[in-house]
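Each remark here refers to the structure printed beneath this line.
For clarity, chains are labelled A, B, C and D in written order, and residue numbers in each chain start from 1.
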């Protein structure tokens, strides 16, 4: 099972903490974490996943190594087009906070029918709002199994 | 000057008519129309641009020929990732109606700082709302010149 | 009809002159020139096509404006992955000189069954060797019509 | 360390056996196997890597699940453009047999300066020819460490 965490490359302490907890719980549930491989929400989620001994995959926009918590680095060199690969590769998508990049990922995910769980993120009709990180991961795991 | 028209592959009569007028006015202003090259809003805009003797470019997701009003066909084979190329190639973006695919294009355009004009589309803070097709094209042309 | 000219971003006087003649003849035959939009062979071919009053399309790897002879600029932001879009968009491909980038384009073109004409380029079995620019364009136009 | 194995989606018994041995040795050396995730050489290399308890990543052209030996599936939906992502993500590339798709990957790898080891593949100047699978993996691991 592959679960994506999407969010901005910079984040407030609260959002970062939520992302780290989400990453931890994804790994604790035996799923692989997929993300954009950079800083902010992405790095926090990876750090959490590694604390739980999980596997992390970064689909990065450039040709570098991404953040230091990645087990697998996909160097796409595609710039913003790499956002599409993240949601396509996921069985469920969790959005945490986020700006326009995150909105573009939410939109593509909904376009292709992936379940999208949202925690403190854009208010879009088909995004399932989750009050806590725990609820987001639990719902994502259930949705990914369907 | 390259102006993109984004919108869904199927559309109501009202949306299609607006898209056709927008395409016509883009060409009448001497700009090249960039679009996703398929049906609905994209085809209507192309039809309008060709009525005004303009140039049309379709950046299509597959490897086919797109709609029959295209002067230039870019066969990306990239699927949904081709949305990013449309907004990156445009000096200004006009969104007409639209679903989640259009939302993803609006989001990427705002992320990279392109001016986005909206006519009967998603209500997003940085999208400049235009009541008529004429206002949308006039504002897009002005923004593209900046 | 869309004909691609592929070749390196820097070239000797002889290769550049050949590319310019090829661009001129593509336009003179009423076809649209597709290329990678940068310097060297690409720029020479575009200059030739504009001398003949033709249309030029640059599918560029970055987000800039490409060379100054482009009528249409597709800002892919895809880096090397944009090579694939060039050959997919062409009805026939003419390779002039070239290094490993050109070889990758020849290989993708042959993989997807596009006719490839070669002038002073890689010696690959399915590339049709042309002694002169005139022969290359004439053969490309015929192949593109099939 | 990430090592890519590239080759055709269908292969003879001899080529498949070589690819399986190469995959096994990559995993035995503690490296992650990157490949295109489909059948033939790709599947054989993955099978080998899993026999050695290694990790396998498939960067697939479509939106499906790829072969059944993949630990991580990147659903690019990019078609042939995904070839570029495979070689960019690798620290060294091993080509086994192969047709024009493989040639395009070799060319991109050489263009961007990745070490390319070849076993029973295209005869290109900068590809380091290896007589045995063992030699190919040993040399790839050394090159990836530089």
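Going forward, a contact is a pair of C-beta atoms (placed from the backbone, for glycine too) under 8 Å apart; a residue touches a chain by one contact, two chains touch by 3 or more.
As the structure is a prediction and not an experimental result, all values here were calculated from the model.
Q: Using the touch definition up top, find the fewest steps from subunit B to subunit C.
A: Each step joins two touching chains, and the minimum needed here is 1.
Q: Taking each chain's centre as the mean of its Cα atoms, which chain lies farthest from subunit D?
A: It is B.
Q: Decide which interface, A-C or A-D, involves more C-beta pairs in contact, and give its chain pair.
A: A-D
Q: Roughly how many whole angstrom separate the Cα centroids of subunit A and subunit C?
A: Spacing between the chain centres: roughly 40 Å.
Q: Hey, how far is the Cα centre of subunit A from the one of subunit D, in Å?
A: Computed from C-alpha means, the inter-chain centre distance equals 28 Å.
Q: Going by the contact rule already set, what residues in subunit B reach two or more other chains?
A: 63, 77-81, 84-85, 88, 112
Q: Once bound in the complex, which stretches of subunit C touch subunit D?
A: Residues in contact with subunit D: 78-81, 83-85, 88, 99-101, 103-105, 107-108, 110-112, 124.
Q: Can you name the residues of subunit A that touch subunit D in the complex?
A: Listed in rising order, the residues of subunit A that touch subunit D are 2, 32, 55, 57, 59, 63, 71-78, 84-85, 88-89.
Q: Applying the document's contact rule, which stretches of subunit B touch subunit D when the two form their complex?
A: The touching residues are 63, 77-81.
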